[in-house]
Structures are given as structure tokens and as C-alpha cells.
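Structures are listed in the sections that come next.
Shared between the two complexes below is chain A, which pairs with chain B and chain C, respectively.
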Partner chain A sequence: MANFNFKERVIECKIVYYGPGRCGKTTNLEYVFKAFKKTTSGDMVSIDTKGDRTLFFDFLPMGLGKIRGCDVMIQLYTVPGQQKYSSTRKMVLKGVDGVVFVADSLEVRRKANLLSLKDLQGNLKEQGHSIFKLPLIIQYNKRDLAEEGFPILPEDVLERDLNSKLKAPSFAASAVKGTGVWPTLKECMKLTLLELQKELKWAG
Partner chain B sequence: MSDKDRIRSLLKEAELYKKQSLLTQSKDKYLNVLQIIESSRQLGNREKLMDAVREKMRAVEEKLTEIDEAPEVPELSESQHNLIRKRFSFSKDKDKAAIEGAVALAKFGQYEQALEQFKKLLKQGVLPVVVAKNIITCLLSFSTAEAAVAQFGQWVSRESLSRPQLKQIRAFLNSTFEKKGIKAEIPKLDEAPAEGGKEDEEEDAVLDLSSISIQLESGPLKGETVEFDVTFQSGNSVSVIIPARRKDLLASVKTGMALSDIQCFSPIGFFRANGVLFGKTEIKDGPKQGDYLLEIAINADSP
Partner chain C sequence: MDKKVVFAGALSFISLPDIFQTLGSNNSTGRLQITSQHAPNPGVVYFDKGEPINATMGNTNGLDAIYALFGWSEGRFEFFEEKIKIGRVINNSRMQIILDALRMLDDGLIEKIGPTPLPGEPGAQAAQTKGGKSGALPAIKGPLVDYVYVISEDSFFDGGRIVKEGGHGRWIWVILEGMVDVTRDTSDGTMAVARLGEGCFIGGFAALLRKEAVRTATVTAVGDVQLGVVDADVLSRQYSGLTPDFKKFLISLDGRLRRITDRALELQMKKSGKDAVPAETKPIIKRGSSKEELFTITEGETYVVGQTPKGDIPLLTLKKNDIFGYLPFMDIGHEPRFASILASKDVQVSKLDPETLQKEYDQLSGTFKNLIYNVGSCISATTGLACHLRDVK
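Our next item is the complex of A and B:
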């Protein structure tokens, strides 16, 4: 749930990038951080683990203008995708307002995507959230690999696998190239703020 | 596709997966290549080719072993520890926020730093049972069962905690050992009469709940489970809000109704309880005007 700091007239929202290990969550945030450096405040915190680039969380607030006199700050986080960091994922999800689920388009990661989405659903439920109600965007990452002839899943297969019941807005992306990164985040911020407005009865 | 083409394509894949740190997948592709080379008699320089592939596969295997053997948690700087504590403590209450911050450190695998924080809090007398249980959990996570037992023994001998508190911590230690299949001798407590026990025993009950789930037992939503954010809590009583538009939900809850299955979520843990809905009041003004406030007494002693 968004954090209201009435004294400073700031509303803080939390968006979490979720997905299987090595799907490109960190690459998404790195791109956003670089591309929108002027609108960010604070440092991006990346924590590397040995042999891998596991990110515990990123912190990337972005000024979004005002809602009824209050500044809206979006804090962006990623979770470590590997199975063993389950406890950390739960912790990062605490107080989440919106989720971007980054799916790996590689054929060999099909099962990993499904397991990660199931993990997300379970962890959200533990915190009293429904995956069907929380603002959620799905991103099909690594689409650029098709150009190089690597076996990737067609978008309709990914849609069927991951989004047939959720019906969440989805975007094709290549986080390394920056394609689809901003539209994904923009849509997630839009849905998150709409939900926030509903919560505050400020809509209309 | 010829064997040569298949090999070329699989090697390309194996390299990509290696680059992306999808090491198991990379190894699988190298194995596929080896199988093709082995079965293809027309290929020239088969042995040389297989040696080259094995070499590449060995590099991937080494990387996999390195990751397997690497500590699960990285070493973080003090500023990163502080950032974790700051970003993952949500309570307005200073003491509870401090506990949440320390719990966050533990969840990020920073057990030693978490332990340090918990020990500070215990010295300050902040929710001693909760803090002591977390100390035990930390010790069991990064040290040994013996260390946890020794810590408990120290609390017993130094009388730094009251007898009822020690009783609760001993029960926690005992059940944790049972769950983990650890056989260890836990120091026993003397059979002295409890002093100030009631107050201490109620400590667990004042944990902040962030949300609760209730299984409805009557009304139009009978059998369904609904989730609420806790808007206010005083001891075992929590308040939650039902929006005015949720007529079906409002019709399913009545003052005095018993709630046999309440799932309680707190920053420190999750537990099940039962309770009673003792208040249902319409909010008359403010931004939530028209919504209903439910007041629920949670029986923390329930199984």
C-alpha cells in the first residue's frame, strides 16, 4: 500500500519487477535509470552475488508531478529470481502497489516463467493481495534474440502460458536494447496511480 | 539440417546461455553436441571436436560449482544494511520499526548484523520474547543449534528475562528443533512460581498485524475468504474497513459473529487464530464516509 507522508505532501508508491532468474529485471531498471536520470533521485542499489548478478533490490524514485498537491514518488524494486531467495522476494513484495512480471522469451525458460508467476501469486496472497486485483503488467523480454536465430517462444504462446487468466496488459521488450522498457513501466505506473486514486476516492 | 549445422546451432545456443548465466541450459546444449558428434561417423576430427566441446563444458561446470559453493548471501556494506533497515520497516512505532528493520536484515541473509540489532533491542527491553525468538532464529540460520542452546542457557543463568518469557522462548526453541529434526538438550527451567506472567504472556498478542483474512460463515458470501488491511490495532483488537459498495460483504458480517478461521499477517510472521466481530459501525465523515468499520477481537491463544 502506498505510503502517505502528509507532512511533506508526498505519496510513495512501490513497483516491483518480478520474474525468473536472469530474465532481465535488473537490465530493465538499469535502462530506466540511465534513460531517465534527470527524473530520478537517489542511487540505484545493486548487490552482486558471486557467480551471478543477483539484485536484492533497486531503489529508484522518480518524480511524477503532483496529485492534488501531493508529489508522487515511484520506488522501483527488483527481486532476486533464483529459487533460494524466496524469503527475500517476500520481503521485497511487502507494501507493493504494482508489479511488472518480466517473462523470459527463451524456450528453455518456459517452465521457469510459470514457476515464477506461481511464486508471485503465492507470495502476494500471503500478504493479502490478489494477483488478479493488483496492478500487474507482463513483459515478454529478450524478443531481440529471435533476430539472431535463437529459439524463443512466440508471443501468443507466452500469452497463453502466462496471461490467459490474468488478462494483464502485456508488452514485448528487449531490455538490453531498451525496446519496450518504458511502455511497460509507463503502463504499470498508470494502473498503479489509477488504483491509488480509486483508493483515495479522488477519481473524477 | 545436417549434423554440422545442428552442431553449429547448438554451440551458438550454448554460448548464449553461458553469456546469460543460464549455465544448466548451456551445459545441456554442450551435452547435446557431444551426443551428435559421438553418433555421427561422417564428421572429421571427431576426437578433436569432442575435446574442444568438453573443454567448454568443463568451464561451464566449473562456474556452476563456483556458484553452488559460493555463500548464499553477499557481504553488504554498512550503508546497504542501513538502507535495508530503512526501506523495510513500516511501523510508525519506533520499537516495532526497529524490529522490522532487523527482521529485514535477517531475511536478506545478513544474520550477523540482524543479530547485533536484536541484541541491542533486547538490552533495551523491546518486546523481549519476539526479539529473543528472532535471536534464536538468526543463530539457527547462520550458526549452530548448540549456539542457540548456549544463548538460551545464558538468558536462563543471567536471569535477564523473566520466567514466563523464558518459558515461551524455551517452547519456541523446542518446537523449532522438533520441526528441524534437531536433537539437543535445552536447559530446563526451575519450577519456581511465575511472576508477572500475565503481562509477559500477552506480549505476543500486541504484534502489529498488517492484514487479516477471514472465512465467512454466513450471508451471501458464505464459505468465501476475504482479505482486509488492518487500519488500526489496539492489543488484540483490530479494525478493518469495508467499502460502502461491498453490500454483499456487509450483509455477510454481523456484530457478535464468531470467526473460526482468521489468518493474521504481521511483519514478523503469519498465524491463524479465531475471534469475534464485536463492532460494525458506519463511518460518518472524512474520506471514508459511508464505509463501515469492523472491530474484531482476535483470540491469540487459539491454535
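Our next item is the complex of A and C:
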């Protein structure tokens, strides 16, 4: 559940990028940070967690509107996948409002995607969330690698592998080039805010 | 001086990252003070408009002090809203510090300071199986030794018997260095009950209650052990000055330790007589409840029922004059967070005020608090042992 800061009249939502190592989570966030430099508040925090970096920054998207007179600030995080970073993972996933699962399109990473998604389900459960209920977007990243001759999985295979039960909105992307990054995040923010409004109505 | 506590609580409930984020999103300015029974000095973090600017912990300060504090899993925190005069030495953002500290914690670069994990908490199972080849139990960590009431020191060599089950005596020791094994004689031979580490006490409240107390277990040195003899007379006097409710609470706590130990032994001997949750009962406290209610039994019985991955496990029975519910100043790994309370049909209870007990607790000497804390850790560790024994059965 989002954090309401009534003093500042800001609602802070948490969106977390999850996925197997080197799938492009950080590239996604770096792209957003660069492209929307003007609407980010503060610096990007980058922590060297082995195998993966952990990133964080605050993001005040334009045109998201207000909820009950409060601005909406999005906190964007990536989370280290490695087993041993449980404290970091716990902190990042605590109170998460929306998740972007970044899948690696490379054929050789097929199993890694599946394992990571299962891992996400388990970690969310630990925090009392259901992967089926939480706003979730799936992104098939590295689509551009096909042009360079790397064997990648067709989108319908990825869809069948990862999304046949979840039925989450999914996007093809190439985070290095920036394609698909914004649509992914935009959709995730949309779902997150809709969910938040639903919760507020229920509560109010 | 403008100085007041505006935000306080237990670290086991609100973790340091959460506290940092709360103070951050409120743009708070002031001093965050953290105290733990496991650390000699409190830690202090200074915040200016929501950002940590300086900190001290023992001899360290600045960022290093903050990082060290992230290793504390238990303690109390208080935030004083006040003007900060100390200079800024930290320029990292709040979130950078949090994420860096957690990464260091996971990488094993920050020392973890706190009690043995409670059953059901992450790490509890690891601690339970860490016994190693010898099958020995993991040592229960005691609080930081309070030397005020240590009147002399005793040394024991490896294998030396410190206390014999059935023997008489009312001395209380605190372990200054080394470890001891606590065993009980049963029809199936000698059985291990617990391994106690530094800061733990040998001898419980029973030694304070009666002139002649019978030892309920045998205690043997594991390796060379240095013990401090605690001034039991002073503690006895403190005990007699307590209110009847507080005494009742202590006696009930001591009884819980005895009964959970019996239960663990029963499970160790593979006697599973009490393994079914009693029928014809009604739940009074549900596991995970956050109600801050405390009761004493005036008639009937209640049952403390824990949970393991393999299902419910009856832990012990509480009787007339026993106390159950929310204890503000300690966590024994039972209700309300980790166990449920079921009651017999004829049960009658009366309410106690947890705050009154808390106030009385706050007045106690450091050693007395440590003694209570130690009984709590032993109950929680033995509960973990019982759950583990049941599940491997």
C-alpha cells in the first residue's frame, strides 16, 4: 500500500523491477532516469550488489493527475535477484504497489526467466502479496538482439512460458535503445494508480 | 531546550530502514536514539530535514556508526524532535545509506547483534540446525552483562559440573565467558535442554522466591567457562518490593520455561501424548493478533498452541494465576505473534494493564531486566527446539 505523506501532500507509490540477472532491469531504469531527468527528484542511487546493481530513484511523472488533492510520486527500484540479498529484497518489496517483470528474450535465458518469476511469486508471498492480484506488467526485453543474429525466443513462446496463467499486460522492448521502456512503465503506473483508487474507495 | 520524544517503539516491530524512511518522508529534524540490551552504548543518528547527517555508536561515528546500527535486530528507538547542532559529516542520501547498509548486511560485512531468532522468524531454522556434527544445540545469546551486581567470579574447566539437578542452592551466576550445557535426567537417560552463551543466567526466579530452591536441571561447562556470581540478596530484595501482579507475571514466566522444557523433553523421548490440540476449546487469542491485551487466569485452563510448517503444535497448558497475552517489553516467541491461545470452556480470566507492568519493568535494575530477558530467550529457544523435534519426528 502506498505511503501517504499528508504533510507534503504527496502519495508515494513503489514500483519494483524484477527479473533474472542481466535481463535489463537497470538499463530500463537508467533510461527512464535519463529521459525524464527533469521530473525526477534527487539523484539515482546505485548499489553494487554482486551480479546485479540495485537502483533507486524518485520519479514525479507529469500528467498522472492528483489523488484526493495529493501529488503522486513514484519510487522506482530494481531488486537484486541473488538469494543472499534477502534484507535488501525484503526492504524493496515491502509495501510494493506495482511490479514490472523484465524477461530476457535470449534463448539461453529461458529457464532463468521461469526461475526468476517463480522466485518473485515466493518473495511477494512472503510480504503477503499475491502475484495474481498485484499490478504486474511483463516486458520481453532485448528484442533488438535478433538483428545482431543472437537466437531469441519468439514473443508467443515467452508469452506461453511466463504469461499463460498471469495474463498480465506485456510489452516487447529494447531497453538499450529505449524502445518499449516508457510504455511498460506507463502501463504499470496506470494499473498501480487504478488499484490505489480502488483501495481508497473501498476504504473511504 | 526544545526536546521531546515524538516517535518511539521497538526495532523488532519497525526496522531501521522503515524508521529512516518515515523520518525522511516527514522531513524530520532531530535525534534518533537506539538502545539495545546487546550493545554497551546506545546509537544516535542525527537527522536534518529527513536526511541523516551524522551519527555516533560507541567509538565510531558518521556513516560507519549508521552501518553498524543496521546490524541491530532488537532494541528500542526514540526520536527526539530538536534542533541539531552537530556538524554534517554524511552527504549520502537516505536511500543510498539504507540500500548500502542492507547490501553490506547481506554480504556479511556488518555484525549482526541481537537475540537468537524466534521460532517462525527467518533464520530460526538455520540456528536450529546449526548444531553441527555433535548434534549440540545452538547457544542462546544473553543480554550484555551488567556488572553492577557481580560480586565475585568463578572458573570452571571443560566438563565441570556447575549445578546438579535435584541439588539445593540459590546462587545465581551470569556467564561472562564461554558456554554451558543444560541437561535433564529422564527415564531415557540424560537429555540436552539448552546451551547457554555469554550473558545468560544460571538459576532463575525460583532462586529468588524461596530460601531453598531445588535445581531443576544440571549445568555443565562446555570448554572453559568464566562465571560471575550475582548478588542474589539484592535481587531478592528487589523482588519482594514488586507488586503482586508483577510477581505473578514472573512466576508464570518461570512456569512457562519449565513447562516448555518438559514438552521439549517429551518430544525428544518421542512421547507424543499431547500432540493433538485439545478438543472442546474456544480460541481467545489468534496467532498474529496485534491486540495489546494481557490476562490472568482466575479459573480453568488455557493452551498455548504454536505453529510449524507441519501444522499446529500444542506447546503448554496455563493454569490458575498464569498470565497470557501481550507483553510490552519482551517477546518469548509465543502469543500473540507466534502462538494462539485456546481456552477450556470453564475458563475465567481478568484483565491486566500491560502499561502498568511496563512502568514497573522500567523501574527495575539492569540485572533484573536481564534476568527476565534471559528467561524469555530461553522460552523462545526451547519453543523452537520443541517445534523442530516435532517436525523431524
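Following the convention adopted for this analysis, the second predicted complex is superposed on the first by the 179 of 204 C-alpha atoms of A that agree within 3 Å, B and C clash if a C-alpha of one lies under 4 Å from a C-alpha of the other, contacts with A are read in each partner's own complex, and residues count from 1 in each chain.
Just so it is clear, a residue touches a chain if its C-beta (ideal position, glycine included) is under 8 Å from a C-beta of that chain, and two chains touch if they have at least 3 such contacts.
What you see is a predicted model, and the numbers here were worked out from it, not measured in a lab.
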Would you check which partner chain A:Arg143 touches, where first means chain B only, second means chain C only, and both and neither mean what they say?
neither
After lining up the shared chain so the two structures overlap, which partner does A:Arg22 touch, if you call chain B first and chain C second: first, second, both or neither?
first
With both complexes superposed on chain A, which partner does A:Met91 reach: first (chain B), second (chain C), both or neither?
both
Is A:Lys7 touching anything from chain B or chain C once the two structures are fitted on A? First, second, both or neither.
second
Which partner does A:Gln127 reach: the first (chain B), the second (chain C), both, or neither?
first
Once the two complexes are aligned on chain A, which partner has more residues of chain A within touching range, chain B or chain C?
B
Pick one for A:Arg110: touches chain B only (first), chain C only (second), both, or neither.
neither
Following superposition on chain A, which residues of chain A contact chain B and also contact chain C?
3, 45, 47-50, 54, 56, 84, 87-88, 91, 94
Could you pull out which chain A residues touch chain C in their complex?
3, 5, 7-8, 12, 42-43, 45, 47-50, 54, 56, 80, 84-88, 91, 94
Within the complex, chain B is touched by chain A residues 1, 3, 22, 45, 47-54, 56-57, 59, 84, 87-88, 90-91, 94-95, 106, 108-109, 126-130, 145, 149-151, 200-201
Where on chain B is chain A touching in the complex?
9, 12-13, 16-17, 20-22, 25, 28, 63, 66-67, 70-74, 76, 80, 83-84, 87-88, 90, 104, 107-109, 210-213, 227-229, 265, 267, 270, 287
Parts of chain C lying in touch with chain A, wherever the complex brings them together:
15, 17-18, 21, 25-27, 93, 95-96, 98-100, 102-103, 105-107, 122
